[in-house]
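Two complexes, one shared chain (chain A), two partners (chain B, chain C).
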Partner chain A sequence: RDIVVRFRKNEPERSNVPNMTDITFGVVGKDYVLMASDTTIARSIFKMKNNQNKIRTLDNHILMAWNGPVADSINFSDYIERNLELYRFRNHSSLSVHAGAYYIRNELATAIRSRSPYQVNILLGGVDKNGPALYFMDYLGSIMKVNTGIQGYAQHMTYSLMDKQWHEDMSLEEGIALIKDCIAEMKKRFLISFDDTTFQIVDKDGVRVLDNP
Partner chain B sequence: GCFKAVLNMVSIDTKFLFQDSCGLEGSIDHELRLDEFTGVIVPIPSSANRQKKTKDLLNQGVSFAPETFQDPREPKIKFAHGTTTLGFTLDKYVVVACDSRASMGSVIASNTVKKIVHINDFIVGTIAGGAADCQYWERVLTTECRLHELRNDEKITVAAASKLLANIMYSYRGYGLSLGVIMAGYDITGPSIFYVDSDGTRLKHHLFSVGSGSPHAYGILDSEYRSDLKEEDAVELARKAIYHATHRDAASGGTIRVVVIDEHGARSVWEGDMNELHEKYQKAKAKYRSDQMST
Partner chain C sequence: GHLFQVEYAQEAVKKGSTAVGVKGNGVVVLAVEKKSVPKLQEERTVRKICLLDDHVVMAFAGLTADARILVNRARVECQSHKLTVEDPVTLEYITRFIASLKQKYTQSNGRRPFGASCLIAGFDPDSTPHLYVTDPSGTYTEWLANATGRSAKTVREFLEKQYSTDSVATLDLCVKLAVRALLEVVQSGAKNVEVAIMEDKKSMRILDIESLEKIVSEIEKEKEEEAEKKKPKK
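And then the complex of A and B:
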């Protein structure tokens, strides 16, 4: 039987559809996961906002970077964040990163054939007793545990850089240098300009923002 | 019916250009042509399927079929919503300004539309996109805000009000609503503005402009906006930005209205015809030039 993914019919033209233009990177290091994203929100040919944080903190020890139209992404992130909190209230302990990732994937997979699928691609990073972990998730509900994660058009330009430079047990300086190289490559080759990027890191002490990486 | 009649009156070439500038629903696949002389990217209908598209339009009216939507290979630059609205926050207050033109195709339906809706004494919303949608849903929002006040005995924040509207919009996705609202207000957290869309997008920033004239307004705003402007300068900046947008955009015009919201509430600060502003600015420019030449 053919499987058809059908988004809403009669949907008026959405001027913020090019979600592939969001840039997010994630890198697994020695005992941390480092994530970076651009901070631009665009509508048609304009930048509407240039200081949007696209990396959400879930439960104080998980980072979720979203790519996609703002409405879907923010609603989905809110929904996930609050459900993970609810789990913590009910069960007096947080979900592990692996369980959290598969919960999110389950939500995406359930939504894809429903009346209103979420058009969100996710990079999920966290550190728990099993060490650092990074998961790459698709709006269709696919999931992959990766060492280097990239979303959007950035994949075409920076996967090779990541493959070349990534190695096991990278220190924080090496991780920052790797992502900075990828951002430099995007600035050089990507048609759509972006000004700022935000760097966030999660390690055993929790989540924090790197102000001057 | 009226739309078809207007289309028949106007020639084929200008039909497509008008549709684009007035942002009417129903799209035609355009090619983009770079005009070498002016450097402007212009949408033109490809000559191959121009006749077919015209016939379709005239026979069926406007089409919402998926194949006429944005082709990912040929993105269309489309400025929808024939209006110009803007809002920006300063340190202690918010300034909101709008034009007042409503256009139906090439006809100006009204030059005196009130595009600023007072949701309560401290929160204001603008209208861009479908006028009926904006008026109706902002009215619904007004009642919801009042209910919040009655239930919780406190004034609703702009963040909460905009989230209410954004959630409503998100739940009506796919139903063809068209809204581009700037919600501005002063609450316990200070002055703030939010942009809320019929997609369910909700963004917080210090400066927004929405509508077909918004690119022109952004040019003026981005070059002169500072967060420490005094009120007279801020109002003048808002006026100037709307004036320039109405000057260049066919779908914006009429009277320009400026509203300021501070800790004492929303008040209408200035209302005037854009043609009078035109005279004033041209005189000032001429005087400036003659001063320069004489020194």
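And then the complex of A and C:
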């Protein structure tokens, strides 16, 4: 296959379900997609790192938040990032958000049917000429276009909150407030504590980090 | 001894349209001859300057189809390299890759060498500029300025006379030298030349037609002034 090479050794046996303790939110607003995630990496009972960015920027105009074990997530994210860049050089233009989402889904769907599946759930957000779009993907290769996306255990605690507060054409302030409410709910009720979160936004000007949302 | 297939490939390169590369102060410029297209043909489907990565650009002379394969393999290799070592390729690495690929095809049975000579230009991650030339035999060399394709010898001799640190001290001077060198063998006119400019940490720029026309007319004027000086005074 004429795609970028990746280096895979023999996989150790492990369960297929990615860990659910990563917290990631995505919200579609008026002309932007806002994403936030926690920044903690756990290793058995320890918090190994608390400033990990779990939201990757692909090709300068797509945000991809990953959930799952760091190994698979980073491997998969790197692989996707390189292949999207290769597409850009070959075709003199970037892949659209929709096409990118389905490309990623295809990779996950192929992997789950192979001897070495990826344990990673994805929230993909981007803005192109069709407007803002958010896609929810999981390690089995499912894909859903959503207005509010949540991954992990956070789904159990914040979907109803999102349902109540989300509405069409939200301004940036409303979007930030919505996600902040969700984060507050998690801090209150979720067993696993987390300190910092990172907020990133993609709009027609591209991707940027919100330092003080 | 002679490897005829390699020599035939080099002949194919000599028939291709000219490409010139000039390394200047903080800039590398590639200029290629744009063959005039038939009236009904879409001009932009003929692409002689190819971006391999954000910091590497390539021009070639010779068989376009052969060069296309090389460009594709080089693009994949640029990304593979970044995937495995998290660093963009250096110019030398990607040139060595392309040259090794060319060499393989001079030594396997059932294959013929690539009939294309490549000018590979850009900046390393440590901001040093480089210009490399590869040849169908699989050799590669680094140059301050060089040309391949039709009448490359004439262009190279011109560059040998004209190239100096002063003559490429600024971006504009470097571009002017590259265009001037190319115009030695190409029919004069901005529409026959395509120029790509590579600067450190900036994306590749193709010079627009207005700037190109301005440069060409400046060159014409300079040529006339030099011709006037050479005329014997009565």
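Throughout what follows, the second predicted complex is superposed on the first by the 195 of 213 C-alpha atoms of A that agree within 3 Å, B and C clash if a C-alpha of one lies under 4 Å from a C-alpha of the other, contacts with A are read in each partner's own complex, and residues count from 1 in each chain.
The rule we apply is simple: a contact is a pair of C-beta atoms (placed from the backbone, for glycine too) under 8 Å apart; a residue touches a chain by one contact, two chains touch by 3 or more.
None of these values were measured; they are calculated from a predicted model.
Asker: More chain A residues touched by chain B or by chain C?
Answerer: More residues of chain A are touched by B.
Asker: With both complexes superposed on chain A, which partner does A:116 reach: first (chain B), second (chain C), both or neither?
Answerer: first
Asker: Name the contact category of A:83: first (chain B only), second (chain C only), both, or neither.
Answerer: The second partner, chain C, only.
Asker: Could you tell me if A:45 is touching chain B, chain C, both of them or neither one (first, second, both, neither)?
Answerer: Only chain B is touched by A:45; chain C is not.
Asker: Pick one for A:71: touches chain B only (first), chain C only (second), both, or neither.
Answerer: In the superposition, A:71 touches chain B alone.
Asker: A:129 in the overlay: touching chain B, chain C, both, or neither? Say first, second, both or neither.
Answerer: neither
Asker: Should A:188 be classified as contacting the first partner (chain B), the second (chain C), both, or neither?
Answerer: neither
Asker: Quick check on my understanding: which residues of chain A belong to both its chain B contact set and its chain C contact set?
Answerer: none
Asker: For chain A, which residues count as touching chain B in their complex?
Answerer: Within the complex, chain A touches chain B at residues 8-18, 41, 43-46, 48-49, 51-52, 69-72, 74-75, 116.
Asker: Applying the document's contact rule, which stretches of chain C touch chain A when the two form their complex?
Answerer: Within the complex, chain C contacts chain A at residues 51-53, 72, 75-76, 78-80, 82-84.
Asker: Tell me, which parts of chain A touch chain C in their complex?
Answerer: For chain A paired with chain C, touching residues are 2-7, 78-79, 82-83, 85-86, 89-90.
Asker: Which stretch or stretches of chain B touch chain A in the complex?
Answerer: 25, 27, 64, 66, 69-70, 75, 77-80, 166, 169-170, 173-176, 178, 195, 197-205, 208, 214-215, 218
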